[in-house]
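Listed next: structures, encoded as structure tokens.
The same chain A turns up in both complexes below, where it pairs with chain B and then with chain C.
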Partner chain A sequence: MTSTLETTVVDLATTSVRELNAELHAPKATHYAVEHPQGAHAIAAGVATPITVDVRGHAGYYAAGMNDGGTITVHGNAGTGVAENMMSGTVRVTGDASQSAGATAHGGLLVVEGSASMRCGISMKGVDIVVGGDIGPMSAFMAQAGRLVVCGNAGADLGDSIYEARLYVRGTVGSLGADCVEKEMRAEHLAELAELLTAAGMAHDPAEFRRYGSARRLYHFAAHNTY
Partner chain B sequence: MIDPAQPNPALRESATFDRATIAGIQRAAATGVYDIRGWGAKRALPHFDDLLFLGASMSRYPLEGYRERCDTDVVLGDRNARYPLHLAIPVTIAGMSFGALSAQAKEALGRGASEVGTSTTTGDGGMTPEERGQSKHLVYQYLPSRYGMNPTDLRKADAIEIVLGQGAKPGGGGMLLGQKISDRVAGMRTLPAGIDQRSACRHPDWTGPDDLAIKILELREITDWEKPVYVKVGASRTYYDVKLAVAAGADVVVVDGMQGGTAATQDVFIENVGIPTLAAIPQAVQALQELGLHRKVQLIVSGGIRTGADVAKAMALGADAVAIGTAALIALGDNDPKYSEEYRKLGSEAGFYDDFQDGRDPAGISTQDPELAARLDPVEGGKRLANYLRVLTMEAQTIARACGKAHLQHLEPEDLVALTIEAAAMARVPLAGTSWIPGSTRA
Partner chain C sequence: MCGIVGLHLRDPELYPQLGRLLETMLCQVVERGPDSAGVAVYGDRRRCPEGHAAVSVLVPAGTDFGVLGLPELLVTEAGDTTVLAAPVSPDALVAAVRTALPDATVVGSGTDLTVYKGTGHPRALAETYDLAAAQGWQGLAHTRMATESAVTPEGCHPFSVGPDQCLVHNGSFANHATIRRELIAAGHVFDSENDSEVGARFVADRLAQGEDLDKALRLVCERFDGFYTLLVTSADGFAVVRDAIACKPAIIAETDRWVAMASEFRALADLPGISDARIYEPEPERVYHWQRSIPLQGQGVTA
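Then we have the complex of A and B:
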């Protein structure tokens, strides 16, 4: 671990993830750079203060897991469950993200500049997710709250069993999952979409997107919707 | 001559189509929806009642009841965690959610457990301040739904229990019906009040044991390797599940048999999926022994624990501790005859009430109705639970001393025989009066 006046550099070629996370949980600096991540798992998991972490390379599973206030950027691709259960803060992936990006996250902003694989935003509980490319099948499954913005295409079964989350897709949708329907794009939706795109640094016209959400037909257990 | 005023003694009830079965068919035909209820399996199953202890005589030396030392403590999760749990007794409180149970009931469980030095467990829906505040040792369940799950509460927990399933419904998710979704419950779960809530049956961000190993690593990292990580499975393919859970890094494995309770599950699921607790324990122990980790990765067994004899039998078969759910609720006041009239109004009786999904529990336990919930005094409920836990412990000690054991963990399979061939085969102990273990030895 080496420090300059502005940045503490942690080289995972010579330092363990355990040492890195212990430092990030009780930070002595405000900005960290992580070198040679080499796909290690749980990089910057459990950050609970408003520090900045730049991961310079590809990260494995659960990068920035349960982030609560940190600004964490993966300069590369991220494995399964990036920013899972995030509470607040910002996580950005400059490349692609694997499965379950932003799963169950309660708050904050997750930006994937490339594409995200299947189950993106699964069980999301308030997070905002903006994906520059495409998302895979079964994304936003049982999505409870928050906004998912997809600048490319969405795979099959988008929003299956969705609750109150709002989904915006610019391209095509493979198919809609159970109880997920297209909804009218009203002025307030265009406005919040414009804010989300701006926050994510994406230069798309909100008018190019379509909105999807819950038909609320599965909200009460009954003979017609047994599961 | 038949007297129409008297029951006809010649009427014969079908064993196949008994009255409950007929009523079930009639109910299905009338509603078109399957039956959902609480409690665990109600069918007769091979169970601890089918085992007996061989008290000491000539070949074994007993300990003096009440006087000679018979320790009861247990350490859970000392494989990797900086702070393993050290409990005074090996009877823990199983995971039950705020939502399924009232806040008063959760507080009472915490109070009772803490009074006797054991742990209680959160459930789906997260951790309440009442529960954390009153629980000396609190296990935080990490469930597929992740309702209410947050890193702040995770760090407040004393252990983390990753739930893959439960004995009442291995392979099934959960359901909390809208009548129990108060504003507080809805807020904790980030869902609208009053709607039925489905809890997923699969975790959202990992699939299979290889992924689970990485998930456990993440949880350890987030909590700085302080807390034991349990993995809970519903009893089905227990031998393989335990091996895979341990390979994934579990510090403690929790195995819940099909008699384990639920707050709301399809009756057909409860009665027809999973295996009895008795059949699961030897499979789990075998898996741990083959890995060389029996007593190093601790085994907690639940599902139908009612008495100190059940505790002792589970431990003799190789469990390090047990967990109780249904019995704990009964100790708090569930199915109390003083509410007989109200149970009848709900179409049930004291001793039969299982509509935990319904939210109208007269005892104030499985409800979110403020007036009903207020009937349960958490302080009084906690005392009742503590009394019950003490009795369980003393009963188990009584049996252990009779078997010459100075610690409950010294009980062993050799102390047991079975009353039935089925129990002998499942528990892997000899049929009483023989040396025959069906499936293991010749008659």
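Then we have the complex of A and C:
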């Protein structure tokens, strides 16, 4: 680990992820840079203070998982489960994200500047997710709360078995999952979408998006659902 | 879990480095299956010289290969696997093995293909196979987290049941017993209880009927239930397919010099030119297929 006045640099070519995360869990600095991530798992998982972490390269599974207050940027692609179960803070991926980005996350903002793969926002519980490109099939499956903004296209079965959460898609939707329907875009939705796009640094016009959400027909048992 | 890595070289200048690149990839998926590992190499002329057939076998220790009666037989012992090569056709060599060595299990055959299987730590197995020194134009490796059958050399992937063909699988087939019965009824003989062998025999059956790799894998999607990310190779092809749910990971990277596929990015991180590669995840139930263009089919590397 080498420190300058502003930034502590951790090189994963010579330091283990375990050592890195131990430092990030009891930080002696406010800004960290991680070199040579090489797709390692669990980089910067469990950050619980408002520090800044810049991962310079591609990250593996569960990068920035459980983030609670940190500002974590992956300058590259992220593997499965980036920012899974985030509580608060900001996670940004400048490239693409693999499956289950933002899974089960309760709060904070996840920005994927590229595209996100399948199951983006699966079981999301309050997080805001903004994806600059496309999202894969089965995204927002069983989403419970939060907002998912997709500036490109969404894959098949968007929002299957969704409880709540608001989904905004600028491009096409492959298909809607069970109980997910298009909904009217009202003034309050345009306003919150504008805020989310601004927070994420995306320049699109909110009027270009369509909104999707729960039809609330799966909340209770219905006789027509029996086999 | 299970880990898959595969590398299809487009640039012949990289052929001498195939084994070293593949070993680096394999060592990044050790945690996905630390009990056993299998490797397939296409075009390794150290062990399958030009004009020879190679047959990879699992045999009891101390087996005498002299009973094959092949004076020019080249024998390479690599742990649990022995690679036999001779200047005859693959069919003739397989037939000779089956007749003279009834206890042997044939785990690979062809004019270009050498297969290695074994139990143990994948890193140690890579040394046993002398993978780093292997040359060739295409290769794949698999680390197995056993679910459907025991940890044995026979249960290792790749499953190679047709000439110069290989299949590696991450996942588990749900209806393999049904398809196994159908294939047995059609005359196929199985070497293991492994579900993935059913997939390999199904693909080999379709290829034997004249279908190409692309069509064979689309039929896999139609017939098989369960979870699968498959990497399938042939004498001139390299193909990837995933099931409709696609929960078993896969990532593909391509440059002008190579096509690579792995369970995780970290297995690709050290490939030459990876920073400029096109990197993406294969979509569910879509077959990704690359055909060997240079050099001509059947040519390999002379060490």
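Methods note: the second predicted complex is superposed on the first by the 225 of 227 C-alpha atoms of A that agree within 3 Å, B and C clash if a C-alpha of one lies under 4 Å from a C-alpha of the other, contacts with A are read in each partner's own complex, and residues count from 1 in each chain.
Quick note on the criterion: contacts are C-beta pairs under 8 Å (C-beta built on N, C-alpha and C of every residue); 3 or more make two chains touch, one makes a residue touch a chain.
Predicted, not measured: the structure shown is a model, and the values here were computed from it.
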Touching partner for A:110 - first (chain B), second (chain C), both, neither: neither
Contacts of A:22 with chain B and chain C, given as first, second, both or neither: first
First, second, both or neither for A:80, with chain B first and chain C second: both
Touching partner for A:142 - first (chain B), second (chain C), both, neither: first
First, second, both or neither for A:163, with chain B first and chain C second: first
Contacts of A:55 with chain B and chain C, given as first, second, both or neither: neither
Touched partner set for A:40, first chain B, second chain C, both or neither: second
Of chain C and chain B, partner touching more chain A residues: B
Partner chain(s) touched by A:96 [first = chain B, second = chain C, both, neither]: second
First (chain B), second (chain C), both or neither touched by A:68: first
Touching both chain C and chain B, counted on chain A across the two superposed complexes: 41, 60-61, 80, 99
Complex interface listing, chain C residues touching chain A: 28, 245-247, 249, 251, 264-270, 279-281, 283-284
In the complex, chain A residues that touch chain B: 17-18, 21-22, 25, 41-42, 45-46, 48, 60-62, 65-66, 68, 80-81, 84-85, 87, 99-100, 103-104, 106, 119, 122-123, 125-126, 141-142, 144-145, 161, 163-164, 219-223, 226-227
Interface residues, chain A side, partner chain C - complex: 38-41, 58, 60-61, 77, 79-80, 96, 98-99, 117-118, 136-138
Chain A-facing residues of chain B, complex: 31-34, 36, 145-146, 149-152, 154, 175, 177-178, 189-192, 195-196, 198, 200, 204-206, 211, 214-215, 217-218, 221-225
